[in-house]
Amino acid sequence: MNVLEIDGLTVRLEGSVGARPVLSDVSLHVAGGEVVGLVGESGSGKSVTCRTALGAVPRGASVDGAVRTVGEDVFGLPARELRRLRSEKVGFVPQDPRAAVNPLYRVGDYVIEALRAAGVPKAEAPDRATALLESVGIPEPRRALRRWPHEFSGGMLQRVVIAAALAGSPRLLVADEPTTALDVTIQAEVLSLLLDITAERGAGLLLVTHDLELAAAVCDRAYVMYAGRIVESEPAASLFASPKHPYTAGLLRATPSLTGPVERLTAVPGRPLGLDEVLPGCSFAPRCAHARPVCDDGPPPLLEDGAGAVACVRAGELAPELRRRAHEEQAV
Amino acid sequence: MTAVVPGMAGAGKGAPAVARRRGLRWVTASGPGFVLAVGVLVLLVLTAVFAPLIAPADPYLVDLSASLAPPGPGHLLGADDSGRDILSRLVYGARTSLLGPLAVVAISTVVGVAVGLVAGWRGGWVDAVLARAQEVVFAFPGLLVAVLAVAVLGPGQLAPVLAMAVAFVPYVGRLVRSLVMQERQRTYVSAYQVGGFSSFTIAVRHVLPNIAGVVLAQAVVNFGYALMDLAALSYLGLGVQPPTADWGAMVSDGQTAILEGALVQALAPGVAIVVAVVAFTVVGEGVADRLARRETGR
Amino acid sequence: MTTDPQSPALEVEGLTRTYGGLTAVDDVSFVLRAHGALGVVGESGSGKSTTARMLVGLERPDAGTVRIGGTAYDAVPRGRAARLARARAVQMVFQDPYLSLDPRVRVRDSVEEVLRLHGTEGARTVRARAVELLDQVGLGPREQEALPRELSGGQRQRVAIARALAPEPDVLVLDEAVSALDVSIQAQILNLLRDIRAERQIAYLFVSHDLAVVRHVCEEVLVLNRGAVVERGDAAEVLAHPAHPYTRLLLASVPHQGWDPAAIGRARRAMSNATTTKTSQGAAQ
């Protein structure tokens, strides 16, 4: 069963100078027990997309399309029901745990507040909080309840945030760059915790990241976003082996690797754009080495292609070349 | 001692200043209020500059036959007990009432910025010494210092202006100190240090311009308070001396007339003081709010 | 200043810095050869940024010496001559391009002011030199006229690089200089850094947590853990055959195909347990 279904989501920010598009026709789904990556650079709209799973849209935004989280249409829910959905059925893990936890309250207060919101009786909350902290690997969980956020390292505090996200036994976890603020060796631990949770509880995980290699390493499937649109979706393993969109392939080539000869990187020219900055036609065309006049005709549709889908009118003819290049990268 | 003028002595104390800031914040929340206040200030300055063109009569022309004349075609706001045209005195009074605070704000801002910059940049014992010195100034109510200054230097504008300028230095100094300490942490300051620039150059050429907006906003707010305090001193007969047209002195002159049923003579300058002080505060706080929002929005 | 081309660009001996009871940098020594690139790798708390800040004189070491181009430098430069000499010896590019530029200074002016400080004279010469530097880092006339807020992160980092090159330093310290950038931009800056080193007599001290990036930029690498050097050597060699368990842990932490994050967690805990035991034994003795 899908715990998250986003269908044709278009988001515009209404401003004084007219509507500024943020997302265009984004569709994705996450099944229970599945780990799905949402990959993109700044301005791609990946953060906005994942937050709609909680029914959160930017202030002053107009929304088209549907988002069903654990079977509920989040934009149709009354405010009370939406709060219930957020506290009981969805867990959210933000990038910076320091910004998520109020430094003036004890760690226990933070977790217990989440439990109370999820409907746990007051008397049971401390015991449940202890159990949650223990389950995310906090040593001496009962004492940890009495400690302050500043006494925790970034990695440990992220565990606390994850514990609070688990308060309502969620069916869906949304993690927005959960390890970007953490050290590399801690990143692995926090990720393995998230993966364990998904495996044990059968919850779906939507993992938002800028790190293509990370997504490929831990996800079942991944969506690649560029300028407010999904440009490619693949089983994660094929992302490396056979990227189908020139942007995905370009990102892979632009990433320095730990193996192979050290040579000049093939950089993607220009900078990542937002949807409001791109011309009609393929958003990536101005930066794409393979662009042809046909690319400016209109935004290319996301078409099924093997196990995945790709939004590139030249995907078919480019496939052999992109795959060959990817293999060169891998072989060395 | 300080209880003599409790309503107006606040400028000399720390806590009331904070309360005043909070209390007036609601005004600034509204856009039209801000615009209106700016309009009032522009009008005020124009009035002061072009007083001879605007005033319908000579503000010093005594005409005892018109003593306490009610508002009418001859005297739009009536005449005072000496028969001088109140509107004309109000218009000319804008000059003295604005020039005094201008001097106070100019002196206190220059000195306060220097003190705050040194304290915030150097830190350590320099900061500690300057902080203690400013606390001593804080401890004396501004109006009390002004009264003492008048006792030493004699009545007139000079003594109150100097005293109020000294009293306002800590407000500017503390603000600048905290802004400089914050700004110092920014990486661009380190970048200039690595580039080989001297502390003086970095502080004056880069840090100062980046905090200038907030300091300016504070100066505008201070202007309002200085105007009020100087008016209070004139009212007490310690500042601007008769027959010079000045709002504070006019209120004082008008008090006796109230007993005779003529309200305008005291009321008109009183209203002018209130309107001016509110306008300065609204504009200053409004600018500060805007700058703060831009800062967080970055 | 006469610089012997044979002497190393940078020699650091016994650099130490403690904050309160905590040793941030513990007796760190290394040599950066002329025209070389040395990567300093570590996580937060490894002391890598403190080391970088001590090299450029932003932080005062408790002990140790810094020699650049064979000349010894004071801990923190005092006086105009010392400041300028230090600035011409070593420059730095900071991590966050959004904070490292004065928001009020236009791009070209920010380069020109450095040039003027370091003795370039004549408005026309200064202008020409600034334009040349900015061209070199890939910023066109439109960007040169811009304020920092009108530029993207990558463009701002280019400005920071141009400004750091202006005094023609022997050594450029890059403190996580590409970490805040998007992958596609990061590649552009890495290529730029490569080109600059190919064209100039300059050496890099490249501080980063990203092993792949260090491997791409540097010939040599130094691994720091809790303020101390745990491994050093040829970058390709160290990253291909790490000798120290901490280096191995760092390498294993980089996501790759067939990655097992759980195993890394176990390894990390085992290592920190080992260190804790060692320290507590040390304290007991």
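Labels A, B and C are assigned to the chains in the order they are written; within every chain, residues are numbered from 1.
Just so it is clear, a residue touches a chain if its C-beta (ideal position, glycine included) is under 8 Å from a C-beta of that chain, and two chains touch if they have at least 3 such contacts.
Keep in mind that what you see is a predicted model, and the values were worked out from it rather than measured.
A.B. asks: Could you draw the chains as nodes, link the ones that touch, and say if you get a line, ring, star, complete or other?
C.D. replies: line
A.B. asks: Applying the contact rule given earlier, which two chains have the most C-beta pairs between them?
C.D. replies: Looking across every pairing, the one with the most contacts is A-C.
A.B. asks: Need the CA-centroid distance for the pair subunit A / subunit B, whole Å please.
C.D. replies: Taking the average C-alpha coordinate of subunit A and of subunit B, the gap between them is 54 Å.
A.B. asks: Could you grab the centroid distance between subunit A and subunit C? Build each centroid from C-alpha atoms only and quote it in angstrom.
C.D. replies: Using C-alpha averages as centres, the distance is 31 Å.
A.B. asks: Would you kindly tell me how far, in whole Å, the mean C-alpha position of subunit C lies from that of subunit B?
C.D. replies: 50
A.B. asks: Scan subunit C for residues touching two or more other chains and write them down.
C.D. replies: Correct list: empty.
A.B. asks: What residues on subunit A touch subunit C, complex-wise?
C.D. replies: The contact residues of subunit A facing subunit C are 41-42, 154, 183-189, 191-192, 195-196, 210-214, 216-218, 237, 240, 250-251, 254-258, 262, 264-272, 287.
A.B. asks: Where on subunit B does subunit C make contact in their complex?
C.D. replies: These residues of subunit B touch subunit C: 186-188, 190-198, 206, 209-210, 298.
A.B. asks: Any idea which subunit C residues touch subunit B in the complex?
C.D. replies: Residues in contact with subunit B: 53, 56-58, 80, 83-84, 86-88, 90-92, 94-96, 99-105, 114, 117-118, 149, 160, 163-164, 166-167.
A.B. asks: How about subunit C: which of its residues touch subunit A in the complex?
C.D. replies: Going through subunit C, the ones touching subunit A are 43-44, 152-155, 182-188, 190-191, 194, 209-213, 215-216, 236, 239, 249-259, 261-262, 264-265, 268.
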